Amino acid sequence: MSGHTAEEIRSEIRKYWIVGFALFLLTVVTVGVSYLDLSVGLAIFVALLIACLKGGLVAAVFMHLISERQAIYALLLLTLVFFAAVMLGPSFGRLASSAIG
Amino acid sequence: MSVLEQHPEEAHHEHPRESFWRRYVFSIDHKVIGIQYAFTALFFLLFGFTLMLLMRWQLAYPGRPLPLIGGLLGAANASGGIMLPEFYNQLGAMHGTIMVFLAIVPLAVGAFGNYVVPLQIGAPDMAFPKLNMTSYWVYLPGGLIMLASFLLPGGAANSGWTSYPPLSVTATMGQTAWLIGMVFLITSSLLGSVNFIVTIIQLRAKGLTFMRLPFFVWSQLVTAFLLLLAFPPLEAAAVLQLMDRLADTSFFMPSGLVVAGEVVRGAGGGSPLLWQHLFWFLAHPEVYVLILPAMGIVAEVIANNIRKPLWGYKALVYSVVGIGFMSFVVWAHHMFLTGMGTTISSFFQFTTMVISIPSVVILTALLLSLWGGSIRFTTPMHFALAFLPMFAIGGLTGLPLGLAATDIHLHDTYYVIGHFHYVVAPGTIFAMFAGIYYWFPKITGRKMNDVLGKIHFWLSFVFINGIFGPMFLQGLAGVSRRLYDGGEQYAHAQPVLHWNQFMSYAAFLLFAAQLPFVFNLFWSIRKGKKVGDNPWEATTLEWAAAPSPPVAHGNFPEVPVVYHGPYEYSPPNDPDGFTPQHAAPQAR
Amino acid sequence: MQIPYTVAERPDTGLYNAKLGIWLFLASEVMLFGALFSSYILLRTGGGEGFLVGQDELNVPLAFVNTLVLIFSSVTIVMSWASLRLGDFAKYRLWMGMTILCAFAFMGIKAVEYGAKFEHHLYPSTSNFLAIYFTLTGLHALHVVGGLIVNGYLWGPGAKMFASDPQRFINRVETAGLYWHFVDLVWIFLFPSLYLL
């Protein structure tokens, strides 16, 4: 685990505040963008992009994924694949069919 | 270095005598918890079996009063002792639910996994002992809620173990109890799966690399991942269905639905197929949860009784990991007939065919292992050997179901019931029996009686085939499943109707065949022949490094260090012997 | 009997048991919320005209404030962990206390939001959008409550462990923090998906 010395911990603390501030800003941007008159597809894309950015910052810095071990990365990669399956499967199933429901 | 040398303060510290409650009821020792799971699961197995026996009477003699107990079932279930269709549906839904969620998985994972895995990896217990205890005590109430639902007005859940809406949403109170019970069971399972994965990754003894793990541990590791990642969508779906039932939402309820002459409350616009996707997203990996621990047990028993290493250990490991991964992307082969369309059906048909490959690799590796082996036909070996052709039949009959075109004819027929029962009953349950006979000496320090064991095996083997074999014939003839009269009303069923009585007799006889086993189990606990620590002359740590039974807290008198692979039977320097995993290498 | 690697990290994985455990649990939570998001997508892309009834009634300013509250609470909880690692127990108490207050604030605002909906006769049964809205935010709120209870325990009676077994306690706070960040992360996706799009 990194950050054992007091100096390292203090520099991490600086990072936390910077990221926290960035997240605040990005939240304002999220709301601001929603007032622009974007097409549906573009609106979804932009909103999710910003959300991913915010989520990425939380995961990388607050959850210190950026310095985490390979085991955790592997687990999350695996989860991501199945997450994609459960997210897309039902909707693709519906899009490709003419069935009711 | 012994445990006591590592922690000298404990040598002088008197362990306070634990209270009865702490020792036997709310124990945090994985061995006690494993036994709790075992007895609870076996009780549910018996209960689920009894439900099926009631069904089989109705199928053999539709409309005839049930002998002896007909009067006891109550007028709502069996008026005049004759089973009502509503009750038949409850029996069907609950038989499936209880067998899958309350019996097999708790036995395969909760009992065998809990008891054996820490021992096989040289660990003193699971990574989170208190979490382990919590898992059991969340499972038990969930199971009791399911049982109690039979007493509700309208009885237990009756929309199949698959609980498809809109039927399940408009069903009686029992369905709500089912959903609540499932939330308990899923929670228990999730806590357990975290425990298993952390234990296997973090608590392996020194020298026990992943490729030296007994195959049973690999199968439990993959199973734990399946439970971890596949159950949550069903938990979500259960919450959604609860809301549909209790809060009048319309997640699964289409617009304009009329039930019994009344328009259904709620906004409509929902999707019944959404439930099917979410349900099968879990339920398909669930069937691999049912089979993988069984394959693990069979591998251990075969390795031990051929007195040579298993053939293709690496292939086995890669295959079980491959099965685990693939099991997440085949689910919609249960939905070929929903009108999904050919593109999606082709995708899932393809993945389903692909997943059969690693399954065949595993079966082949186990079969090839027998070649050149010095086979000991012990009681567990009988069951383990029988598993191979039985699972083969189950697996092969899955192929026409996994191909969309043939599934058109076979979906929802008795062919399906035959297929999955072959995999689970003479498949998994036989492996469970193998495991019980095999590990009984480790748990109790005594052996079960071999004569009774072999009688149990042969009778069960014959009768179990008698029940499920003819189902393929009925299915091919087009007899649908979930018919409370076994197809009596249908012209196409007439030529195969007579099999119903045959199968029912086989079922009653199968029940009788379990009596020697039950007697043997309880009798041997007290009066079985006493044995040493390693009566099977096995290499894996639970046999070679721990006493029978293991040390109460800590398992091993000395923490083992591993130097060898899991199946070094008849090694070159000792052709009639075996090398335990923790045997120190010979000094040169 | 000691379970190895409860406090110290196992050399080859670099992890202590609870850290691996909490990440595994979070992976399962990703699947849980994923299934609900999937349901939302399916129902919304397939839903008829009645689907979106109620979305205009959602209180965007309040939800915006709630987003900021949760983000701030993520900062405070990581600060509480950093303080512990610097040995400053008093600061830890302060930051963890603020995290708990933020959680209460979040729940309070949520209560106001829900209350306003019910007053206007907007219930889960009114439309499928509202159904998924209440389910997603309700389940998320339950997770906030769960975190609140754990954090409360670590602030209160559980904090005694810092005196007897400091590293183990620091690990517990880290583990609780990881869970709490995940709760924040889910909301980061919930907010635009339900309120803005």
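A, B and C label the chains in the order they appear, each numbered from 1.
The definition used in the following text is that a residue touches a chain if its C-beta (ideal position, glycine included) is under 8 Å from a C-beta of that chain, and two chains touch if they have at least 3 such contacts.
Quick caveat: nothing in here was measured; it's all calculated off a predicted structure.
A.B. asks: Can you tell me which chain lies farthest from subunit C, using the average of the Cα atoms as each chain's centre?
C.D. replies: B
A.B. asks: Tally the contacting C-beta pairs at the A-B interface and at the A-C interface, and name the larger one.
C.D. replies: Contact tally favours A-C.
A.B. asks: With centres defined as the mean C-alpha position, give me the subunit A-subunit B separation in Å.
C.D. replies: 37
A.B. asks: Just the number, please: Cα centre separation of subunit A and subunit C in whole Å.
C.D. replies: The computed centroid separation for subunit A versus subunit C comes out at 15 Å.
A.B. asks: Going by the contact rule already set, what residues in subunit B reach two or more other chains?
C.D. replies: Each of 201, 229-230, 233, 270-271, 274, 277-278, 281 in subunit B touches at least two other chains.
A.B. asks: Of all the residues in subunit A, which ones touch at least 2 other chains?
C.D. replies: Touching at least two other chains: 71, 78-79, 82, 86, 89-90, 94.
A.B. asks: Specify, in ascending order, the residues of subunit C that touch 2 or more different other chains.
C.D. replies: 13, 15, 20, 24, 27, 31, 34-35, 38-39, 42, 46
A.B. asks: Which positions of subunit B touch subunit A when the two form their complex?
C.D. replies: Residues 201, 225, 229-230, 233, 254, 270-274, 277-278, 281, 328-329, 331-332, 335, 338-341, 343-344 of subunit B touch subunit A in their complex.
A.B. asks: If we count contacts the way the header does, which residues on subunit A are in touch with subunit C in the complex?
C.D. replies: 1, 3, 6, 9-10, 12-13, 16-17, 19-20, 23-24, 27, 30-31, 34, 43-44, 47-48, 50-51, 54-55, 58-59, 62-63, 69, 71-72, 75-76, 78-79, 82-83, 86-91, 94-95
A.B. asks: Using the touch definition up top, name the residues of subunit A that touch subunit B in the complex.
C.D. replies: Counting only subunit A, the residues touching subunit B are 71, 78-79, 81-82, 85-86, 89-90, 92-94, 96-101.
A.B. asks: Across the complex, what residues on subunit C touch subunit B?
C.D. replies: Per the touch definition, subunit C meets subunit B at residues 1-5, 10, 13, 15, 17-18, 20-21, 24-25, 27-29, 31-36, 38-39, 42-43, 46-48, 50-51, 53, 123-128, 131-132, 135, 139.
A.B. asks: Would you tell me which residues of subunit B are touching subunit C in their complex?
C.D. replies: Those residues of subunit B that touch subunit C are 3, 7, 123-125, 127-129, 190, 193-195, 197-198, 201-203, 228-233, 235-237, 239-240, 243, 247-251, 255, 265-271, 274, 277-278, 281, 553-554.
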